[in-house]
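Encoded as C-alpha cells, here's the structure I'll be asking about.
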Amino acid sequence: MIVAYMLIRAKHGKLKIVSSKLKEYPEIEEIHEVYGRFDIIAKIFVEDEISLKQFIQNKIFIVEGIHDTETLLVYDNLS
Amino acid sequence: MIVAYMLIRAKHGKLKIVSSKLKEYPEIEEIHEVYGRFDIIAKIFVEDEISLKQFIQNKIFIVEGIHDTETLLVYDNLS
Amino acid sequence: MIVAYMLIRAKHGKLKIVSSKLKEYPEIEEIHEVYGRFDIIAKIFVEDEISLKQFIQNKIFIVEGIHDTETLLVYDNLS
Amino acid sequence: MIVAYMLIRAKHGKLKIVSSKLKEYPEIEEIHEVYGRFDIIAKIFVEDEISLKQFIQNKIFIVEGIHDTETLLVYDNLS
Amino acid sequence: MIVAYMLIRAKHGKLKIVSSKLKEYPEIEEIHEVYGRFDIIAKIFVEDEISLKQFIQNKIFIVEGIHDTETLLVYDNLS
Amino acid sequence: MIVAYMLIRAKHGKLKIVSSKLKEYPEIEEIHEVYGRFDIIAKIFVEDEISLKQFIQNKIFIVEGIHDTETLLVYDNLS
Amino acid sequence: MIVAYMLIRAKHGKLKIVSSKLKEYPEIEEIHEVYGRFDIIAKIFVEDEISLKQFIQNKIFIVEGIHDTETLLVYDNLS
Amino acid sequence: MIVAYMLIRAKHGKLKIVSSKLKEYPEIEEIHEVYGRFDIIAKIFVEDEISLKQFIQNKIFIVEGIHDTETLLVYDNLS
C-alpha cells in the first residue's frame, strides 16, 4: 500500500469548495484545513504507485479551486 | 482572546483595493503595507478560535484582489 | 482537543535519530518520513492549546538533530 | 518615525532565549511567538532609517540563537 | 536618494512585454532578465521614500503581465 | 554546448497538456513528471547561450498551462 | 526501476567536496553543478523503492558538507 | 562579458564581515545591503563563464560568514 500526504493551497476564497469535493474521495483517508502556508493537508491511501498517479491525474486535477498541490510520498513503511 | 498575524500577498496592482477593504473590518486591529516578500501585514484580534475561523471564511475569502494569505497564530499569550 | 501537523526538516544525516526520538512521544499520534521539501510529517494530538505550547517547548525543542519545524494548526474540527 | 516588522526564525530549541532577549529592547514595541513558518513576529518602532539600521546591526546581530530575520519596512504611513 | 532592487516574476510568456514597459521608466536605472527563481532584476533610483511608494503604486501596479514583485530597499548608503 | 535544467510548475490540472507539448521539442533531451514542489523536470541541451535564450522565449513562453519555470544553468562542464 | 532527482544545497564553500563524493556513487547516473537556488542536481537510478530509501539513508546521509536535499520521485515511467 | 547578480544571506550577525570582504573583490561591480529576504545583493562582472565559475569557487566559497548564495545569470545582453 502507498501512503502520501498532499499539501494543498486553494485559490483565494475557494477553500470550502475544494475541501468539500476532496472529502468525497475514498482515496483520501483524512483531510484537514490548517492555518499557515498551506490551506489543506490530505492523507492519501492507495493500492500502489500507479493508483496514486491515476488518483492525482483523474481526481485531483479536475478539482477546480485548487491553486497548487505538493505531494509528499511516505517511504518509512517500506521494509 | 485570540491574536493572529496575517501575511497577505495581493494580486499585482490590487494592493490599494485590498488594503482599503481590510481596513473596514473591526477584527483587524492594525494593518500595514510593507516592502518585501509580502504586501500587507494585518494583526487580527478576535474573541476565540471559532471567531477567527469565521472571520477568515466569511470576511477574508470574499475580498477580491487577494492572491494568498498566511495566518500565523500567536500562542505566547496563553498561560 | 487540538490537532496539529508538524512539518519537520532534520539536519543532514540526522533523520533516523530525530524520527526515533519523536516516535516515543504519546502526543504524536502518527509520524512518517517523506520525500520532498520536508523530511518528516508528524500529527500531534493534545488536550488543548496550552498542552500544544508546552509539548513544543518541552519536548520538541530538546530533540537534537532537528533543523526546523513548521506547525500547522488544524481548525476545521472547531464548530 | 519608522515602523518595521521583523519575521524571525530561531535556531531549533532557542526560541525562549531569543524571545526573552528581544523583549528587553525598547525599539521593539510588540513581540509575539507564532505557529507557522516563522517563530517570532516583532514590531519595531524607531526614530528614523538610520536608527533602524543601527538597531539591527548593534542589537539584533548580537542576539545568539537567531537563525535568520526578514525585515519588512512599513511604508503606508508615509504621506 | 533612495535605491531599491525589485525582483520581478512575470506571468508565463509575458516577460518581453513587462521588460519593454519597465525600460521606459526613468526611475529604473538598470534592468536585466535573469535565469533562476526570478525573471527580472530592476534597480530603482528615486528621490525619497515617498517617490518610491508613488513609483510602485502608480507605475509598477499598472504594468500588465507582472505576476509579483519583491522590493529590497538598500540601506547601506545611509550614514 | 549548453546544458540547463528547468523546474516547471504547471497550472492546476494542466500537467499532461504541458508535458505532451514539451516532449515534442528536440531541445529537451529528457523530461519527467515528479512528485513534490515542482511538477516537471526537463533537461535542456542546446548549442550555445543564445540558443537557450531563444528556446525559452520562442518555445517555452508559448506553452499554455505552465504556471512558472525556474532555469538552472549547468556550469560544471566548463573547463 | 526507480528514477529520482535530488536537488542539493551544499554548505557554503563545500560544493566541490560534496560533488566529488557523490560522483563516486553508481546509483547517481548523472550529476551537475548549477547556478540558482540549488547547487547540485543529481539523477538517481536504483532498482526499487527500498533501494532508494537505503541509498539515501546509507550513502547520502553520510556525506558531510551537504546542507539539505530535496528528492523528487519520477512517476511518469509507471504504466 | 558576463553579468550576474548574487543574492546573499549572511549567517546571523556576520553581515558586516561578509560585506567588507566582498567589497575588496574587483569582480563585484556593485554591492548593497538590503532589507527583506536576502541580506546582500552583489552585481558581478567578469570576462566569461569560466571566470564566473572560478570567481565563485575561488573567491566566494572562502568567505566565512556567508550562509548561502543564489546566482542569477543575466542573459538579456546576449544578441
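Should a chain be cited, it is by its letter among A, B, C, D, E, F, G and H, assigned in written order, with residues numbered from 1 in that chain.
Going forward, a contact is a pair of C-beta atoms (placed from the backbone, for glycine too) under 8 Å apart; a residue touches a chain by one contact, two chains touch by 3 or more.
Only a predicted model underlies this, so the values are computations on that prediction, with no experimental measurement involved.
Enquirer: Moving only from a chain to one it touches, give the least number of moves from subunit D to subunit G.
Expert: The least step count works out to 2.
Enquirer: Would you mind pulling out the distance in Å between where the CA atoms of subunit B average out and where those of subunit G do?
Expert: Inter-chain centre distance comes to 40 Å.
Enquirer: Just the number, please: Cα centre separation of subunit B and subunit C in whole Å.
Expert: Here the centre of subunit C sits 26 Å away from the centre of subunit B.
Enquirer: List the centre-to-centre spacing of subunit B and subunit H in whole Å, with centres computed as mean CA coordinates.
Expert: From the centre of subunit B to the centre of subunit H is 36 Å.
Enquirer: Give the residues of subunit G touching no fewer than two other chains, as numbers and ranges.
Expert: 4, 35-37, 67, 70-73, 75
Enquirer: Throw together a list of every chain pair that touches.
Expert: A-B, A-C, A-D, A-F, A-G, B-C, B-D, B-E, B-H, C-D, C-F, C-G, D-E, D-H, E-F, E-G, E-H, F-G, F-H, G-H
Enquirer: Once bound in the complex, which stretches of subunit E touch subunit H?
Expert: That would be residues 3-5, 19, 32-38, 41, 70-77 of subunit E.
Enquirer: Under the definition above, what is the set of subunit G residues touching subunit C in their complex?
Expert: Touch list, subunit G to subunit C: 4, 57, 61-63, 66-73.
Enquirer: Can you list the subunit A residues touching subunit B in their complex?
Expert: Listed in rising order, the residues of subunit A that touch subunit B are 9, 12-13, 15-16, 35-37, 67.
Enquirer: With touch defined as at the start, can you tell me which subunit C residues reach subunit B in the complex?
Expert: That would be residues 49-50, 52-53, 73, 75, 78-79 of subunit C.
Enquirer: So in the complex, which bits of subunit A are touching subunit D?
Expert: 35-37
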